[in-house]
Amino acid sequence: MIPVLIGVSIIIFLIFQAAPGDALTGMMDPKMSYETKQKLRKQLHLDEPGIIQYKYWVQNVLKGDFGESFYFKQPVGKVMNTYIWNSFYLSLASFILSVLIAIPIGVISATRQYSFMDYFFTVFALIGISMPSFFFGLLLIKWFAVDIKLFPVSGMMTAGSTAVGFAKFKDVMYHMTLPLIVLTLGSVAGLMRYTRSSMLEVIRQDYVRTARAKGLREKVVIYKHALRNALIPVVTIFGMWLPGLFSGAMITEAIFNWPGIGPIELLAVNNRDYPLLMGINMLLAFLTLLGNLIADVTYALVDPRIRLK
Amino acid sequence: MAETLLKVENLKKYFPIKAGVFQRTVGYVKAVDDVSFELKEGETLGFVGESGCGKSTTGRTILRLLDKTDGSVYFEGKDIFKLSRKELRSIRPKMQIIFQDPYSSLNPRMTVGEIIGEALVDHGIVSKGEVKDRVLEAIEMCGLAPYHIRRYPHEFSGGQRQRIGIARALVLNPKFIVCDEPVSALDVSIQSQIVNLLCDLQQKFGFSYMFISHDLSVVKHISHRVGVMYLGSLVELADKHELYKNPLHPYTKALLSAVPIPDPTLKRERIILQGDIPSPANPPSGCKFHTRCPYKKDICSQEIPKFRDVGGGHFVACHLV
Amino acid sequence: MGELLSIKNLKTYFYTEDGVIKAVDDVSLSIREGETLGVVGESGCGKSITAMSILKLIPNPPGKIVDGEIIFDGKDLTKATDEEIRKIRGNKISVIFQEPMTSLNPVFTIGDQIIEAIVLHQNMNKEKAREKAIDMLKLVGIPRADEVVDAYPHELSGGMRQRAMIAMAMACNPKLLIADEPTTALDVTIQAQILDLMRDLKNKTNTSIMLITHDLGVVAEMADHVVVMYAGKVVEEANVYEIFKNPMHPYTLGLLESKPILNQDKDRLNSIPGQVPNPLNMPEGCYFHPRCSKAMDICRREQPELCSVKDGHRVACHLYREVK
Amino acid sequence: MAELKKNTNKNVELKGAKKEDIMSPWKVVKHRLRRNKLAMVGLYTLLFMIILAIFGPIVQKYVFGITMEKIDLYNISAPPSLKHPLGTDEVGRDILTRLMYGGRISLTVGIVAVSISVVIGSIIGGISGYYGGVVDGIIMRLVDIFMCFPFFPLLLMLAAVLSDYKVDPKYRIYFVMIIIGILSWTGLARIVRGQILSLREQEFMQAAEALGLRDRRKIFRHLLPNTFASIIVSATLGIGSAILSESALSYLGLGVTPPYPSWGQMVQVATDYYVMQYEYWKWIPPGVCIFLTVMAINLFGDGLRDALDPKLKR
């Protein structure tokens, strides 16, 4: 895991080295004198070779210091902390919703393979995968926010609202509905197909036949004996979801103006806010690795054949 | 007396067991543990044993499809583990192998003709024009029809695929063929076809076979001599009539008595072994069979019995004999 | 001995994309109480499908019981509702399968899987069922049964797993045990252990066994009565001594002669030529005629019926028409 | 021997098969694919889109004299009419023509990007699987590193860096293809490696070794043809996701830039609520085009996967 993290940090660093200009370009005040610039350069170690700069950067990152965002004029850590939780709420809601929808329809699809329901859900899943999120988001805004004004166009709360407690929660949920639909459509599709193929594999196994031969009810056979096995590969993808919970869905958030990490990253890209970009990407890479680790651990937990010794 | 074609001396093949994050070797599966024997020209040596006893690994290590851990294998007097890659390649056609699984042993994307002829082409054994004739000759000898060469493996049944596998080996005119459970995956009525085919081909071309199987009756039928393996080691090796009439090792005795015989009137005394086969990763000390042996003595758990000739080429590894 | 189960003119077909496969084609057989019936045949002959049809364990689609009767305990199982069948499964009729490796659910303990069946059919509470499960494990000769009950299947060897499967099948004292190639995946010495155990249990409980196998040796040792199947049909049926002493159908004969026998020496095996016919493209007349050395004209035209030739010896072959 | 021959002939007769219906593995796949209605719908939709993208602009130019840059000053932001079946955009360009050009670009980006990732992925995965050991260890760590990056943010950053270099819009398209291609080889590399590792365990590879075949023949005749199936499936599905990536990037203004049209970029106008509400013809058709094309590819790819799966037989 450590070598992978080092590799990741090197690549992130290299990408930003490749970008024209340096950290100073973003901070530059046109009126700044040449001397002050040189001083600042020295202060930021920009006059030194890349490898030394990398060393300083890593040292700071290890201390939790990702530098200062050009655009927000604040420490990167603080900026991330402000917005990342908004992404988290949206993604978590979508995650829970997707699991609740996708797993049952995956199971139904698999147990009635080649039935009308199966085709219906399969086509539905393919629509979910094929639909560009920005287009789907815009369509929803047009239909439900602009045309019939059922939901708000954008944002996370009604402007100027000072509601607290349940009222605040209700307001947030009201704003969340449309982005939630967009996000969930995509993830339901993937998860459902995964569950379906895993389930199809499992219901052909001998032990499912054994369970039937014992005289168990079909429901017990499917939801206890088969599903328990089919979910083993599925839980591992829950771990992979971890970075997704924090990275947010950039485009969906941007379209609905959801104040999460997605629009911030877009803003950072457009303003070439390199410290912020590096920070976000480093964090996501770290979360990805952590997610893999969690996946491994859950795998061992749900599958008695791979017990950690 | 025919000449010795293959000589195996103290062959060992250990597979490392890796564990942990750093994939350190934490132990070895002793798949083949000190096996020695000789094979004469035109002879069939049968190898029997239960799953995991290392009979297949022995066969594959002899052909250097796997690297050895220790010991040596002489084929026509040359130690095959000392050959260079090029020398090995040139000797390959002389020693062939027939596999157990008729499904995974043929490349699904090649026609039967290509499968059988490709080694001829690759080694340049015969000229391009002759390849087809040789393939047709081999295919007919194996009981298939000429038009089959343009078909693909998935169009054939298990028995026919096994014939294709035999033709692939046969076409190179080998001297020695390892038959690795060639009939285990086949139905009874097809098994006998393949066994007969192998016998006929041996008579015609004088091949030497190393015939690996877990089926004691098939091994007895086809072999001249039979070796019994248990947990990576040979425990007994003798002429087939001698071995089946007068088994010396308690394991051989138990194995023979466990084979069901299709005769309901026959009442035999059975030796039913207790317990399971121990793991080859952690074999018992001394004689590996002592944990299940009905006759075990103190010495059996302490000392490894020597594999020795007790007269007339009857080899056995047991303290009690 | 009364008849426990009788199958009459059973037809189980599979409807595939490529056509209809007549896996079981007009099969009749019966099992008496306390008897072991050996069903022999090569792969694809329909012996397993016949057995699975009894408990309606045929995957549907594509499989379907098209016609016939399966009378068990005076009731026709083909007409039974799912609920009725469920009450018979694992209770009055239980099954052990070929692969002990894959037949047990890997994520539940051995105990859980046995207890489940006991609780379901015997109205026992969990603690009592657990005790019973441990007793069953002891009965099938598993050492340290009180520990094994909490073990997962992967922690046991193949032989031990098959013992656990037998424990599970016998837990509700079934009247009929269907053993579908119970020892095929096991080594010879382990096979001997399991066969010994099954014989032992049968003597103790008087359970009837339907033993499905391709190994004539196993049949000779275990069965009282033998049914030989070929291409979805019963070709010969007799008691075990009769069938080995006096096999009549050319297929049975070929099967017996094509296998080398340990205590006999033969120069050359007598093999049945050709392959098992493609189930989608069965030959006209007797399904065996293309491989039969004694085939006559009538064999190519007409399907022989299973007729009684001698006392309790039935064979489906035109060669014996005169005798009838 | 004579006896052997006799036995042989008997077998031949028994088989009794017609001599001329050889089902090669590919024919079997074709046969199974044809029976899958959804896959066929996908295939025909895709073919229709491709034909439209290739020949549409030519017809427009030589028959109606409309090119993607031609401005119709009398019809600015005009709704669909006979002259402009899908209306015009804010500077008076024909939407239908631009849509067809956009199709060319989107499809080309998809195909080229996937070609790049297939070449890189299968070579690297192949090397990793074939040689194993240390080589495999290093390559797989490298893949791990690449897989650590969230795909889209990285794509975005690279596209941004690209913008800073002020690449000419004409060449930008190629850079977009290359970036998407380079970022998406890892999945395929893993698949190919896994395939080769399992193929190496197959007995026909052991047979190839026992026959003493040259490495070259083992790789090109035995290993690669058996990995084709999974490469083709993942490439087909890859084209769909490459088109989605490109359109999202272009929608954000970081992909294909004007004057070259791309479907994603055409949808961008909808960020203006007026356009969104009243001038649907400007952004809905390109969005639908993306969706239909990707859907068609996924339907076809899905069917292809089923057809190539030897386990799946009805």
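Just so it is clear, A, B, C and D label the chains in written order, and each chain counts residues from 1 on its own.
What we mean here is this: a residue touches a chain if its C-beta (ideal position, glycine included) is under 8 Å from a C-beta of that chain, and two chains touch if they have at least 3 such contacts.
Keep in mind the model is a prediction, meaning the values are calculated, not measured.
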Between A-C and B-D, the pair with more C-beta contacts = B-D
Per-chain C-alpha centres versus the global one: which chain is nearest?
-> D
Counting in whole Å, what is the centre-to-centre distance of chain A and chain B, each centre being its mean C-alpha position?
-> 55
With chain centres defined as C-alpha means, what is the inter-centre distance between chain A and chain C in Å?
-> 53
So what's the Cα centroid distance for chain B and chain D, whole Å?
-> 47
For chain D, residue numbers touching 2 or more other chains are 7, 11, 15, 314
For chain A, jot down the residues that touch at least 2 other chains.
-> 114
So which stretches of chain C touch two or more other chains?
-> 273, 275
Quick one: in the complex, what on chain D touches chain A?
-> 38, 141-142, 144-145, 147-150, 152-154, 156-158, 160-161, 164-165, 240, 244, 247-248, 251-252, 254, 264, 267, 270, 273, 276-277, 280, 283-284, 287, 290-291, 294-295, 297-299, 302, 314
Which part of chain B faces chain C closely enough to touch in the complex?
-> 50-51, 157, 159-160, 187-193, 195-196, 199, 214, 216-218, 220-221, 244, 254-266, 270, 272-273, 276-277
In the complex, the residues of chain A that touch chain D are 3-4, 7-8, 11, 15, 18-21, 114, 119, 122-123, 126-127, 129-135, 138-139, 141-142, 146-147, 153, 243-244, 247, 250-251, 254, 265-266, 269-270, 272, 277, 280-281, 284-285, 288-289
Partner chain A, residues of chain C touching it in the complex = 55, 57, 61, 82, 86-91, 94-95, 97, 99, 102-108, 113, 116-117, 120-121, 152, 154, 165, 168
Any idea which chain A residues touch chain C in the complex?
-> 114, 205-207, 209-218, 225, 228-229, 232, 302-305
